[in-house]
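Chain lettering (A, B, C and D) follows the sequence in which the chains are written, and residue indices restart at 1 in each chain.
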Amino acid sequence: MADVAVLGASGFAGALAARLIDRHPFFALEAVTSRSDAGRRLDELYPHHRVDLVLDAYDADELGAIDAAIVAYPHGAAAEVVAELHERGVKVVDLSADFRLRDVATYEATYVEHPHPELISEAVYGLPERYRDEIAQASIVACPGCFPTAAVLALGPLEAEHVVIDAKTGVSGAGRQATETTHFVSVDENVKAYGVGTHRHTPEIEQELGTRVTFVPHLLPLDQGELLTCYFDTGEDVAARLAEAYADEPFIELVDRPPGVRDVRETNFCRIHAHQDGDRAIVFAAIDNLWKGTASQAVQNLNLMFGRPETEGLL
Amino acid sequence: MADVAVLGASGFAGALAARLIDRHPFFALEAVTSRSDAGRRLDELYPHHRVDLVLDAYDADELGAIDAAIVAYPHGAAAEVVAELHERGVKVVDLSADFRLRDVATYEATYVEHPHPELISEAVYGLPERYRDEIAQASIVACPGCFPTAAVLALGPLEAEHVVIDAKTGVSGAGRQATETTHFVSVDENVKAYGVGTHRHTPEIEQELGTRVTFVPHLLPLDQGELLTCYFDTGEDVAARLAEAYADEPFIELVDRPPGVRDVRETNFCRIHAHQDGDRAIVFAAIDNLWKGTASQAVQNLNLMFGRPETEGLL
Amino acid sequence: MADVAVLGASGFAGALAARLIDRHPFFALEAVTSRSDAGRRLDELYPHHRVDLVLDAYDADELGAIDAAIVAYPHGAAAEVVAELHERGVKVVDLSADFRLRDVATYEATYVEHPHPELISEAVYGLPERYRDEIAQASIVACPGCFPTAAVLALGPLEAEHVVIDAKTGVSGAGRQATETTHFVSVDENVKAYGVGTHRHTPEIEQELGTRVTFVPHLLPLDQGELLTCYFDTGEDVAARLAEAYADEPFIELVDRPPGVRDVRETNFCRIHAHQDGDRAIVFAAIDNLWKGTASQAVQNLNLMFGRPETEGLL
Amino acid sequence: MADVAVLGASGFAGALAARLIDRHPFFALEAVTSRSDAGRRLDELYPHHRVDLVLDAYDADELGAIDAAIVAYPHGAAAEVVAELHERGVKVVDLSADFRLRDVATYEATYVEHPHPELISEAVYGLPERYRDEIAQASIVACPGCFPTAAVLALGPLEAEHVVIDAKTGVSGAGRQATETTHFVSVDENVKAYGVGTHRHTPEIEQELGTRVTFVPHLLPLDQGELLTCYFDTGEDVAARLAEAYADEPFIELVDRPPGVRDVRETNFCRIHAHQDGDRAIVFAAIDNLWKGTASQAVQNLNLMFGRPETEGLL
């Protein structure tokens, strides 16, 4: 058994991570913390998760006995906590963007001044299908963004040029905060692009794919789920190449028709379909943004970091 | 032509009232005001209404030339503005609760201290199907709440005892404010009762029906629409009594099957169906909470107050 | 281990039952059958269930080796299959209405001529919270309807008179068949009552409660979930009585605020809240209509019939 | 006044066309016909349209006195009726694909054998923003498909190469027929591509744009609304070019942010936004698929054909 804390468990992703750890055969959920909701019961905020714990304020000293932590803080704030826990020998999976970008200048152009640039080289990009061995050895894992997860799974194994990624996502990706954007009446019976030309996941996708991409996310009237439609030029047989790359992957499902996000709802699966017409190809990738896009992928990473079966607690 | 201002036009109800006045053959939309969004364009906040005006801060002196106003302020704040406009001879339709309850003690037990109790007796309860003649003579009309509108239309003409009103409403009824309650993820795939035993529309319904009611509203994953299922004991033939009462009403539709809220979406109609089994009866009433439940009913009242055809601008 | 077949696994309820059995620690899913979709893969019809089996045509002889069956056939057709399996010594949980009503005349007035009235007395009504011991000994269990499940859990332990049950349900309750009623455009942004005065679950509720009820279901724009708002007169302390009745129940959650159906989505829980004002009381009960309302309750029954822990495979 | 019949008025598009004609200041709705629902009242099928007519079976002889017809039949069947009415001197707006493609071979490769190829050259492609003058003279107008409407409005005035059109549409586009695709439970909480590489609107888009396009539609959980995200290479200033092209168009709204489909719901407007980064550009176009995408565009065409103000009955 290993003891795990989830920091920032009052948000959608942190709360789900807490639930997954709480029911995991190997990990024990030792503590959940929240900056905004300390003192409240987690099962009052998220009845359906049925995690019977009270949210604490974060205090590194009181968390000393834990073996690992999942950090679900906003960027900038996350790095501070990650550094503190790393110092104490705690293995960390960070859900923020703070350790995803290897180039600190790109990070700072995209987000804020980096509080701990010296730790960037310690961190491994937490996409198991790509960095499985490095993750197993890592003490800091930077869990990918939800869009980069699907984009890199769809296109990572491929030669692709002139890449357009049209993304469709549910509202949980916008977080728990109540805003005009997340108001029911704004979303219902609507679909709209956002972050056009400026979305922060673009540099992360480009880092992993090694090519420039046009990336446009759209907000849809559904709670969980993310579909990427990737258009590109290529010289290879896309379906064959994906079949080869993902032959042994437990969480990648190659299918013979366009996937719907319902097919992967509340799972760690990524479902992929390729369509090709000569040198023009389309790859569809569907994930649950809160699961494979965030919280269950964090657990997949933790499984690897502790030498557990990769699928433990996730099927 | 008569010049109309809409005060508090940045909320859902006020914005819709502005749109309805803007396209009305007789009324001209002179000004729209907002306490929170002064300086913003109304068609930026509500593109689909296509009202090409900038929201002003409210200033009674600058509004002096208007003939009428629709006031869409929160309770308490509304009465202040209504008094000021009434003083200047402006006819007012007030969408708040401030002048709906004839008993000031009931008002103050339900809401706040009443800033202008002396005006309560001036105001007419703005349900045209019940107070048509009084409205035509009124200088202050208190537009009914959305639930009371449907409840009184359903049950007003009837003898009913042991009344249970189970209400289902869309999210626009909760207003434009972004809260945990109106967050898409809270509402989507959900249904939940709220305000059980404490909802402020209960005394208003009881005032008009003259009997005690059990009233429970439920929040549904839809934007506009309200359905009331009213259960009661009665000694009369309910369908016959409703048919008689509403024979000449332009906005009441008696139908032979349970109505859906889609049937009345974006209209001023109230659709009613009665089902009876001996002395137990059920009456269903469907309205659009923002239209007949608020903004279009305000225009119906204004039509009466200015001697216009009651349906003008509403069909 | 016990071998189980699910008959009628191409419908929503049968497919979910198949998934739950497929992942159950004690039961093994031996076969899935379908009258309409024999030859198709179950994971093609229901990708998210990930049950890797082909639907067979039903043939009792080929199913001889099974220990138990869950039958998800329409009423009338179900009784034929139940009789055949019962004859062969197979334990059966029947999801249809065929063995729920103890009075054959009531059954035949509500449904069709009963093909096997002689088996009615063999069957136990499969609400574990009410008939736990009898279920453990039964060879035929009649799984309750979704509305009766919630209604009897809400009101079964109580003295209640003048009962009104206002039910709200998601669309999966209407089944997999594509009809005008289940068309997305009919349901979206709508809410409507159906089966007023004629719903077939009424006699089932009345049988278990021993009193006449007014029951009206409403269709809502959500897929899974069912909320019952039960209004009644009573002379007892409702909350205290429920607390006593359900003190040791693993799947009943008594809560201090009105439950939402999201709280119990994809679980076997029933969440109940009581509100009382003198002798008038309201009890809210929320379940997932496909889970506690049908398929997971079937598994709860099977657990009891095979002497397994009641919660096995259901938490 | 001119007398108009709507043929095939029991479908979503035909029913809406009937409503728009019914309330039009110049046109009178003489008859509505239906092959599947003759004898039923239109306001029973579509209560919210409030068109007080009974659907007739189609009989050209009985329709002899009409001046114009809107034909909402499936492809193939439409051409037969169009020919018959044309023969009688009735002006026709055809909502089907039968007269949209100028090349009969392309039509027959995409649809079926063309029953009246001799009439193709008589027909004008009914996109007023592109063929206004020709439409005014036409006796047969082929109303564009919903996707081509938005695509050609977005890209028609531009030089564009390497075009990708990612379309998102509501369910009403799939028609009134109840199928697995239109079942609420299939659509709700889902998003999925369909018709990849085979959608019949592709040749129509390519005909009008004069270039090959990659076109992929996606089905979304909303009833009405269509958003096209168009990615392409260009050498010109896209926003400037669109501003010039659409300076005087009454139904084109160029906006400075990505449009949502809510902005144009239940209107004849097309809202367009351009984003450009060097030679890579993105144009967003939002319409209501049943309005500008079908029925209200039909009325816009009729207005032109009868020399009426183009916006009459549409604002």
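Things worth noting here:
Simple rule for what comes next: a residue touches a chain if its C-beta (ideal position, glycine included) is under 8 Å from a C-beta of that chain, and two chains touch if they have at least 3 such contacts.
Everything quoted here is computed from the prediction, not taken from an experiment.
With respect to chain C, maximal separation of chain centres occurs for D (centres as means of Cα atoms). One finds 45 Å separating the Cα centroids of chain A and chain B.
In this assembly, the C-alpha centroid of chain B lies 37 Å from the C-alpha centroid of chain D.
Separating the CA-averaged centres of chain A and chain D is a span of 40 Å. Of all residues in chain D, those touching 2 or more other chains are 188-189, 221-223, 259-260, 262, 265, listed in ascending order. A complete topology is adopted by the chain contact network, contact being made between every pair of chains.
On the chain A side of its complex with chain B, the touching residues are 12, 171-172, 176, 178-180, 182-189, 221-223. Contact residues on chain B toward chain D in their complex (touch as defined above): 47-48, 188-189, 255, 259-260, 262-267, 271. The residues of chain D lying in touch with chain A in their complex are 162, 164, 166, 168, 170, 188-194, 196-197, 214, 216, 218, 220-225, 227, 229, 231, 258-262, 265, 275, 277, 280, 282, 284.
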